[in-house]
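Please read through the structure below; I'll follow up with questions.
Order of writing sets the chain letters: A, B, C, D, E and F. Residues in each chain are counted from 1.
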């Protein structure tokens, strides 16, 4: 079963609609309607699986009479040559859905694979890898689902499930003569009571001010590792600290060792490298 | 003016809807409704611009009273620090639209930037860089628009604006005892008369068979450069030849020098590296 | 300007669509197209205003050339006879939009009016009146906006902007042999880090267990005032306490005096009494 | 089977979408995917049932594999403790749909319950209780279905299935020097031939004029019982008479005894008191 | 101004979407973005105009900056060569919208033209020409608007704005042993009070039975002119009589002279002959 | 199985929505919910079948529990009295879907029937009958599917699956001093490489110029048969020739004998004569 991903039906429908705007004349011209067969998703690379149920759902949407089967689960480690799932029934329907199904599966597995590398890199530290809202337009919930499949944790799903006071909020209010501490207090008073308040800071002084103002989480943006450790010390385990900005596979372990609670990596979703997966026709 | 991109309004609306599902309580809590200001898109990297009009349209959708201005045009070369465009009006509206606008702009400019590198790499040859249908689900027309902004040319927009007989079509029919030449002839008879017929081949023998069958274009998939040159010779300038599979910035020039007409690069759209662009608040 | 209410355009469009499924033959038969005039929203009752901008937006949607004007702001106290806003232009358009506009305005002002009574009843205590997810299907964001206009605060907008472990979650897990404290710990580990965890309890013992498990907020459901005070004492100001269940205008002050932080009132939105407002034609 | 309610699928989908905009992290964090169980709708109050099939359809929409069963039919009298229906299958799916299902069921049963009280109050007279277009935006067909379940009859579903000349139509045309009788005649000539013409009047003189003009139905708005009886006499059984305005459970019987054919009660749908119904987990 | 046609925006959007699924590469390839010009709708035939505002609205939807102007009004008589309206602005936008605009205009004017011929043919009789629900799927309101522009009157817009008991209703109930008169009485009791009841009959005996049962309108289906006159006599002016079935321009006058009130012509909308109208570029 | 027609689900849903905007009170009032029965589509005319699966799908959409069966296939020749398909189950559901199902079936079979007549008229020649984009707004893919069922071939589905340089493109560019040959060359350079380029011409001289410019197809608009033969000679079998304009059943054979490859007939879809098909209740 696919977890309840908000809007998944519509996303699949939209993806098929853009590919099938004029139907599939190649397949219609060539493949007899009653010809049946089977095809399998096979990975050409090692990585982490995400999106197999989504990809199979694409086929069911093209033709509800296709029979689909997942061989592995989202989150599973995959080796080159691994068979991920299969689809059986009308060949015409399989060929019509192939590209759209692969587009979901390759992107999502690419995200999971990259996430898993970051998670592995911080193993043994207290840091958790989290994503950002830097997702492909329209694919927010799928992109974030893939991060979770790769072992990461999701940060805010949208602008509304958490208060995150960013540089531009602070800049706009500073221009009005309002200090960072005042900004945080204003948020504390007016924001919904069920969400936490995170504040972006660029210096230790700002971090102090934000903590004093009552922040629940400090977002330390582009702060070097040694300074980060000081922010962690300030937070004393009572306020969470998130590192962000310029995180790479090379430097993430060093960042993690500063004791931060969270490390957010925009590249997980804004710079996705598709995992190489094919659909092989089973002769 | 934004060129007529099919479904653009809906794509922007969907992207905003997923970010604004619960409104923007951070901004609502902090920013006075009547506070006005200005912010500018600034590139942190060199590259090629695409999506500036789309990004500005996001702001107009959030608040029709915002005033927007593009400083550069899609397709323009950009240097680090370049100001790409600006938005002016209610600060609350600017902050609410910021992330969604950037998500479009960074992805599209990333695609254009990568495309331009490939185009440059084949300069002086007869080869044209083209894209594939390996786009992010729901973003087909934007992804392809960005390829064009980067100097590439678009291959099929969907399954219907060209006949492309792929490996799995051929495999399924071969299992029924139908030869490649027969497949191409069948397509010739039944396909719409306004579109061309392209046939995927993996060997010179298949290329010969496809040309005999009447193909307009040969898609030479994963064929080494020296063999590719032979396919080009077979085609004699009457049939177009497209190279695909495993194309990288390192090998694309060599491929181009074989005399192929087209080189398709899936990575342009399936493995996008976002261009680093920010929105700076103008104090 | 209307605050950014998620989905407002669609809600207005849907409401008009159901009333105008067959057009408005009464008006079309009777009213000359070019006849112009003016009409005003007038309250027949005292109360609290909410929805005036929404109601006026209905008219703009029927006919963009209508000119509208709000005389009062959402949240304002209104007396019988108060003129809330006006619309001017084609009489046919005004008559076509009248009922739909009033349906929004009467419901929203009804919600704000009831909320204001509860807020007033707890004045001088530390308790805040909050709403619930017991809203009319499809009207979640408007119903909650009206609560805020009446001086209340919004609880969760949806299932995702806060963790609320309810009786049925606990019952289902208890049947599996999982204790309340274990449930809360499980949530603590797996839930998003930006939202708080609230736990529904029915006894002091459960409240203790929830606090020990790490709850951020205790939802004391149907607990009598004297017992509630004990829950508040347990919470020691470190954990918030919300009272719910059977709250009426008669008993809300007594509940508030126990020192609870929040009192949620389902009736604010599930049992709305429309405020009596009319649209008077200005002869 | 649910009667064919226009737009029901979309209404359910929209209601779920607003609650599940970010999924259901509480349930996802806590409840194992494969845990199954059963829950039942139980009424805490006496009343009249409406919406049980709609509520069960909500669960099927959340998870098509849930099995649902209605124990009672819409329109049935219910006592406190009555089991209305049940749902069985994945516990996670049941918990995710609970609130949305209840929001439909409680509102609709509330409407049916109030309607039944009015219908009972006029038993033995010739008057029929009818509803109005004062429904919650977007819920027109469900609100009216619930009135019918409570024993009431539906007035116009929209602006197009009947001609109803209201006070503001008459006011606008009177300002142009057109008399009430002329207005009715104009409608007679131009309106569709399959619908009846109803005219709102506030005095006996106006009623006479409307009847002379050819009205099929007289809407006597806010006319006292003794005057109403005179309107009924004027109508002589050839023209229907509908009473409206200020109808309450206290005065409805007196109004009915005047011999009017119809009594419309806006409060049935604009001021709904939800029926108290819960979903009990069957341990 | 376009009269409020339910769903017009969506209908135009859907029509453009199907033509512009892949954009307009011919125009994009050829026409410079900033080239401006003007084009005019010119009729090649005599007829009756309908849809000019709809056609011009298509252009505004393609490009809101186009300037449009109607030279004639819907319902006007047009001669060959008549200039109906014009559009001015970006040439690319005009060319992109041309076909879709013409598809609306030619169909609607074709309907109006045919209707006008029928209306003229019954001039001087008491009969009114009405349409049916035999419209092109999705174009109900536009098709019926065009009938009205041609001088006809609209019958039911949908299944809900009138009760029409058809042959299959009667056949299904007769199989249950329920007589025609009983059927009509059942409808009288249960149907909404604001709509009239029409009954389809095929013989005089059935007509008598329907009138006795309380029908408001008799639909005499495929009854010869001499028999029709007897039905009219039975109706005595108290019940309306509608003739239908096999109506042509040749026999409609004879049918009209029987004294029927209404003559419904399915061919007006199910067998439309497009009016020949072109869009001429103004050099 | 219905071939994959883009947007079919939505088209059926929209058609039902416009007919069922207010439900079906006639059927609801009269037909007991549990009454079951059967009805069959019967042709009253000879012709060619198209749309039987679409019509049956309408019933499944009204009530998924209806059982449907096609007796003939789209494309089959039908005689008067032929039974095309049947539907069985709840009588109420059958009656509710009847008109909408027939509206699809009658239009589509009308198109197929007319197409078959044209195809038959050119039998023995090399000419193929093709359609145009002059389809009913919103019904593009269904109209074109019906042409194919009648034995015709589809021209462009939309503006994007072929380049067609029409009179107004040429006129606009000629006004800028650009010759026809230059126009064609510009298209050759900029247009997508997978589609062919067709050029509309009105004289032999223009045909020559277009061929020289590199056109793949010549659209000879309103050119008399003897001149047409000369265009065919010019094309020498290397460029396709399409005749259009003023084609009728009377002159189509003469046009075909000129040796043109394609004859396009706008009337196939812009001036449809519905095939007379009824739904007979099986007593």
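Keep this in mind: a residue touches a chain if its C-beta (ideal position, glycine included) is under 8 Å from a C-beta of that chain, and two chains touch if they have at least 3 such contacts.
Computed from a prediction, not measured in an experiment: that's the story for all the values here.
Engineer: Between chain pairs C-F and B-C, which one is joined by a greater number of C-beta pairs in contact?
Structural biologist: Higher contact count goes to B-C.
Engineer: Averaging each chain's C-alpha atoms to get its centre, pick out the one most distant from chain B.
Structural biologist: Centroid comparison gives D as the farthest chain from chain B.
Engineer: Quick one: which chain's Cα centre is the longest way from chain A's?
Structural biologist: That would be chain E.
Engineer: Once you find the CA centre of chain B and the CA centre of chain D, what distance in Å lies between them?
Structural biologist: 52
Engineer: Per the centroid of Cα atoms for each chain, what is the distance between chain A and chain D, given in Å?
Structural biologist: Taking the mean C-alpha position of each chain, the two centres sit 45 Å apart.
Engineer: Which whole number of Å gives the spacing of the CA centres of chain A and chain B?
Structural biologist: 22
Engineer: Indicate the whole-number Å distance between the mean C-alpha point of chain B and the mean C-alpha point of chain F.
Structural biologist: Averaging C-alpha atoms per chain gives centres 33 Å apart.
Engineer: In chain F, which residues are in touch with two or more of the other chains?
Structural biologist: If we look for residues of chain F contacting two or more partner chains, we find 6-7, 20-24, 28, 96, 141, 157-158, 160-161, 164, 192, 195.
Engineer: Line, ring, star, complete or other: which describes how these chains touch one another?
Structural biologist: The chain contacts form a complete graph, every chain touching every other.
Engineer: Can you name the residues of chain D that touch chain A in the complex?
Structural biologist: Answer in residue numbers: 17, 20-24, 28, 33, 62, 96.
Engineer: Quick check: in the complex, which residue numbers of chain A touch chain C?
Structural biologist: Its residues touching chain C are 128, 130, 153-157, 160-162, 164, 192-196, 198, 217, 240, 261-262.
Engineer: Spell out the part of chain F that touches chain A in their complex, as residue ranges.
Structural biologist: 1, 3-7, 141, 157-158, 160-161
Engineer: Once bound in the complex, which stretches of chain C touch chain F?
Structural biologist: So the residues of chain C in touch with chain F come to 21-22.
Engineer: Inside the complex, what are the residues of chain E that reach chain F?
Structural biologist: 7, 11-12, 14-15, 18-32, 35, 37, 39, 91, 94-96, 98-100, 102-104, 106-107, 110, 133-142, 157-161, 163-169, 171-176, 183, 186-187, 190-192, 195, 266-267, 270-274, 279, 281, 283
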